[in-house]
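I've put the structures underneath this note.
Below are two complexes that have subunit A in common, paired first with subunit B and then with subunit C.
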Partner chain A sequence: MPTTAAQLGTKSAALERKVRTGRVGLKRWLGPDYRLGFLFVLPIVVLVLALVAYPFGYAVYLSMTRKYVGLPPVFVGFENYVKLTFDGFFQRAVVNSFVFTFGSVGVKLLLGMGMALVLTSQIRFRSFWTGVLLIPWVAPTVVSALNFLWIYDGSLGVLNYLLVKVFRILPQGVGWLSEAGTAMASVIAVNVWRGFPFFGISFLAGMKAIPGELYEAAAVDGATAVQRFRHVTMPGIRNIVIIVMLLSTIWTFNDFAIVYILTKGGPGGTTMVLPVFTYEMAFGAQRLGEAIAAALYMLPPLAFVIIVLARHMRRGRAK
Partner chain B sequence: MDSRLKDLAEKLDAGLIARREFLRKAAVVTGGTAVGLKALEGMARAQSQTKLRVWLFKSFVTAGNDLLAKQIETWAAERKVQVEMDWATFGDREQKFVAAIEAGNPPDMAEMNYQGPSRYKPALRDVTKLAKDVAAVRGGLFPYAERVVNLNGQFFGVARLAFGGGFFVRKDLLDAKGVKLPKVYDPDVVEMAKKTQDPSKDLWGFGQTLNRSDDGNGYMQNILWNYGGGVWDKDGKPALNTTFQKQNLEAIKFSVDTIQKHKIQPPGVMGWTDVHNNEAYMAGKLVSTNNGASLYYAMVAKKHPLAEKTQVILTPGGPAGSYLAAGAYNWGIFNKSKHAELCEDLIRWVEDEKRFDEYTKASIGQAGSVYKSRADKPYWKTDPNFDGMLQNILRSVWVGYPGPFSAAAVEVQAQYILCDMAGRVVVGGLSAEAALKEAHARVEEIYKIRGGKV
Partner chain C sequence: MVRGGGRRSQATAGRLQSAVSYAVLLTLLLIVIFPFYWMTITSFKSEDQMRSLVSMFWPSPVVDENYRQLLGKTDFVAWFKNSIIVAFTSTFLATAIGTIGAYALARLRFLGRAFMASAVLITYLVPPSILFIPLYAQIRNLSLADTLTGLIVAYPSFTVPFVTWLLMGYFESIPEELEESAMIDGATRFGAFYRIVLPLAAPGLLAAALYAFTQAWNEFLYALVFITDVKLRTLPVGLSSFITGDVYGWGYLMAGAVLTTLPVIAAYMYLQKYMVEGLTAGSVKG
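Let's look at the complex of A and B:
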């Protein structure tokens, strides 16, 4: 049946109404300037897709392949992840990573707090000491690690020289990086040395923001120094402590340079942590698929930490 | 005619400028134009000049590095080719190769170690004709070197040299105690070390790390062979905890005993990397150590007093003989190169006997022979210590021995599995049996992935 002009007009009006309703719906949902909004966010979306999403997606894909240098990848599904899960050497690397991370962060927390408390007290040359204590944080990691490699040297190192020859505390030098009891502790010590000023300076900033009246009121109420620390200082810097700890956990978990330069994960895998394991798998074994799988294995625990951090920061801002 | 000259001529005709001024200004204009044109010509030539990217290995023997660079520069000037040289060290060589190959941007050619041809074969050009030509006029390749570059009948590298080295001994200390040079580790090295060391003065009889390092890898590989064991059987199958279990256990126990029972190694030796024994030896803290010729080079180049007191001898052996793994450094040309013929020409140039002799001389024992005729050169008789280095090279076997050279054998080395095995006993507290079992499982896994092929 032929369509009349009137019928056509009715149809187009209905269509127009539908489109308009849709637009109105979108406008109501996304706001009146949603088109302009899309235009504004487009560059950053493209940038994020190109620089973050694509490489990440490709890494996830490669982690599910058998990929050797110079050859195309062969898809193997979750084989690499399964293999890693039952690999004793990888399991030790996971355990070592947690020992290294939480050992370091724990000590950095204590030292950082101590540093901040000392620097808030009335000491002479406070600015000078603040500057001195920042040196480890400012020094390049590679330089610090190479220095410690020499400091820890069993025969020629300054640490053994001081302990054996100068102070005569030990009868014989210790193989700091070569013995089961000291290797992990030694690499943790370097990470602590390097990282504690960040804790200290952050805590110092938090402590300086606490109004002096609170301490005065607490003192008037008869609070001891410990009580003032517990009931005034700690609540005042609580958020900073959490954020600094979370950030440091992420950084320490991913720390490669210190362990690699000092021990390469040795001896016998005693200090093998996940970043070094990943590196060895990629450039030593040259099994790129498995290396990426090992790297992505770290993702869930790190993602958990990041989510906690982000939620905490959002909550802090809302307050 | 240049418009400026035309203007000047018109002004001269019109009597606006004197003839002298015309000549002066015309000379400036003409000279300036000529200089400009010359510069443009140079720039154009530079742009059209062929550019070759060459990656070289930066060894500790710096005089050798400098000489090789100079030889390449001379070649480039003669062939009117632009060469961009880049250096890789022990620490970043494989990383650079992996990154460049995966990014599709490898150099035109590179100096690779023994692992290169097997690991980067998919990205390398077949250089069979050149490799055979070079070898033919030099008496052929030694077996250990041929296996590294000749992969199933195709050459993926042109062999250049093998790093010489040996067992460095403080002859003065041995003489003072009336101790003979050792031939085997057990008991010779142990007894020598015990008699000559003085821990109270921080002087130790033997310095050999078992830690993750090339030194540790080399020692562990050799000691397994010395005891009649090894990682692979003659068919190239994993044999650590099967065919050679008994022999390998003996070798591990001896190695661990040097630290724990005999106490002839310095504290901290399990934390050493490749440079630590060099430093300790040169600091006078060691009576003996295994090392490449670079240690001797360092002492000779620095006129170190210990250079004269050192004797480099054959690496000690064990109950089953005296074995040593060597691998040929070699030239590889990458598939992506558009200048393969130039690369081949450069390889012929630097491998020319006269130039290689210069390089050998500068390298003070490090440029070990991979070609039979080079081992007969009078150079090797010029220093008593060179003989030990040369003889070590001549009796060398390949990684994977007594089986074939294979990708799996290369990966076992690259992953420091033998070092980890020793480390698990010394530091991890495992029994030798448990460590052997653990290492065997890792070797089996690699064999499953790589197979027995190159």
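Let's look at the complex of A and C:
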């Protein structure tokens, strides 16, 4: 029996229906936009797997091995972590990292708040000043560190010149980076200099989002400037303050360039922080297993901070 | 009378407040600008002047020998080229991957979207100081150690998550109805993205690309670890290697610092509005 055109037509229609229901089923499972969605997200998936997830897993493994550059790793379990726990240099690096981080974040918070308050007050050319004050944040960290290395220089540096010759505050120059008493404060100052504009600009964005009526209402009720700051400004920017402080805590705790360029952890280990310790262990002492264990040692608190922060950032977006 | 007195005291308070504001502003500006000022004048000072501590705050005479030495006797020009190659390539990659990824994560509905959105944010927050050793091992296994390609491959690990996160915010702020009406008029999903959403998100794309460029241009740790060949260094590593040599001439070091800072500052000044908006949209938005 010859197949007629009509029969062919119904056949292909049935086929089409079948294909379509199949696609509907897929769509129900994978979402209505799954084809373009998967295609668009694929590069990121590959990237996250290859450049973050895999190296991270490999790092966890290597931290449990005895690994020297060029030799195969030997599995040793938690030996590296145990060794580090009782290593005086490592303990000092942990303490230094906390001092460096909390010192920096605290001062950045104060300066950033000052910057934001000034930039919301009645002054001329506000947006121009905002732009200028943000420059340390965009300038290369290495350049800033080198600038301060030169400014701090013990014999020819301008800081000593200003304090000794111009303002006559000090009788003689100080080796800001070479003396144990001043080195930590000096490296913190550079981290603060680079980081406070980010605090300022973020707080400023938060303050601008607070409705003006709230301030007017507070003023009508007779609130002083301090009261308005405490009861209107602070609650309004609370979420941003939390986000910025947590972000900066992560960044500062892991800041390598500033300390590496200014002191390399010296003098006598007084500014040795964990990232520099890790680097020296890996590429100075060539002990990769221990180096990675040192890098991962603070992972539990870091993971906690990251999870809390990610929640706040997503909530900030959802609003 | 009484009211007049109140107004006068109010005016005095206002004046006091603005005086305090200007004083704080001036202090902050001095702190921020001085290191750049100092870097610039140092680069024009002669060796003799620096040693003798005379005319500290202005070069006398103004000399260009530091720049000549930097460009003629060091590898600075090669480093500059390397930085340009690495920064431009990784900016292009990050912006392309980040744009389509952010659009998918912000708009399209598919299985695993929420999970990937969280993964991107967490990746953005994981610091390089944890990843640099295993990444180096991986780059070496791929025989990409000591090549610019190695850096170009590694830099998206921090630029892409940032760009994606920033642009997700931008795409979410564009009303969905615009795409829907385009699709009712017969546009495909891709067409709606390409013709409607992308042009509207152009300022965001610009900000994202600029930040990716700045991050890649400024990156130090990976470049320090992955590259050993002096000629293949990028600017930050090259500049910092001036201080580990036996003699460090502050003059040409600062000349190099000036030339390294110029591209990012120039881009920033020119496109400041977008960058300030992008920064506050990207990392914090409350």
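Miscellaneous remarks
Definition applied: the second predicted complex is superposed on the first by the 259 of 319 C-alpha atoms of A that agree within 3 Å, B and C clash if a C-alpha of one lies under 4 Å from a C-alpha of the other, contacts with A are read in each partner's own complex, and residues count from 1 in each chain.
As a working rule, a residue touches a chain if its C-beta (ideal position, glycine included) is under 8 Å from a C-beta of that chain, and two chains touch if they have at least 3 such contacts.
Note that the coordinates shown come from a computational prediction; the quantities given were computed from them, not determined experimentally.
When the two complexes are overlaid, the chain among subunit B and subunit C that reaches more residues of subunit A is C.
When the two structures are aligned on the shared chain, A:282 is found in touch with subunit B and with subunit C. Judged by the touch definition given at the top, the superposed model places A:156 against both subunit B and subunit C. In the superposed pair of complexes, A:223 makes contact with neither subunit B nor subunit C.
In the overlay built on the shared chain, the residue A:209 is in contact with subunit C alone; subunit B does not reach it. When the two structures are aligned on the shared chain, A:38 is found in touch with subunit C, with no touch to subunit B. Touched by subunit B in one complex and by subunit C in the other are residues 153, 156, 282-283, 288 of subunit A.
Residue ranges on subunit C touching subunit A, taken from their complex, read 14, 17-18, 21-22, 24-25, 28-29, 31-33, 35-36, 38-39, 42, 50-51, 53, 56, 97-98, 100-101, 103-105, 107-113, 116-123, 125-135, 137-138, 153-154, 156-157, 160-161, 164, 168-169, 172, 189-190, 214, 217-218, 220-221, 225, 235-237, 239-240, 243, 250, 253-254, 257, 260-261, 264-265, 268-269, 272, 275-276, 279-280, 283-286. If you check the complex, the residues on subunit A that touch subunit C are 29-34, 36-41, 43-45, 47-48, 51-52, 54-56, 58-59, 62, 111, 114-115, 117-119, 121-123, 129-136, 138-151, 153, 156, 158, 161, 165, 193, 197-198, 201-202, 204-206, 209, 225, 237, 239-240, 243-244, 247, 250-251, 253-254, 256-257, 261, 274-275, 278-279, 282-283, 288, 291-292, 295-296, 299, 302, 306, 309-310, 313-314, 316-317, 319. The touching residues of subunit A, counted against subunit B in their complex, run 68-71, 88-89, 152-157, 160, 172-180, 183, 263-270, 280, 282-288. Within the complex, the subunit B residues that touch subunit A are 94-95, 97-98, 101-102, 119-123, 199, 202, 204, 210-213, 266-273, 276, 279-280, 283, 285, 411, 414-416, 419-429, 438, 441-442, 446, 449.
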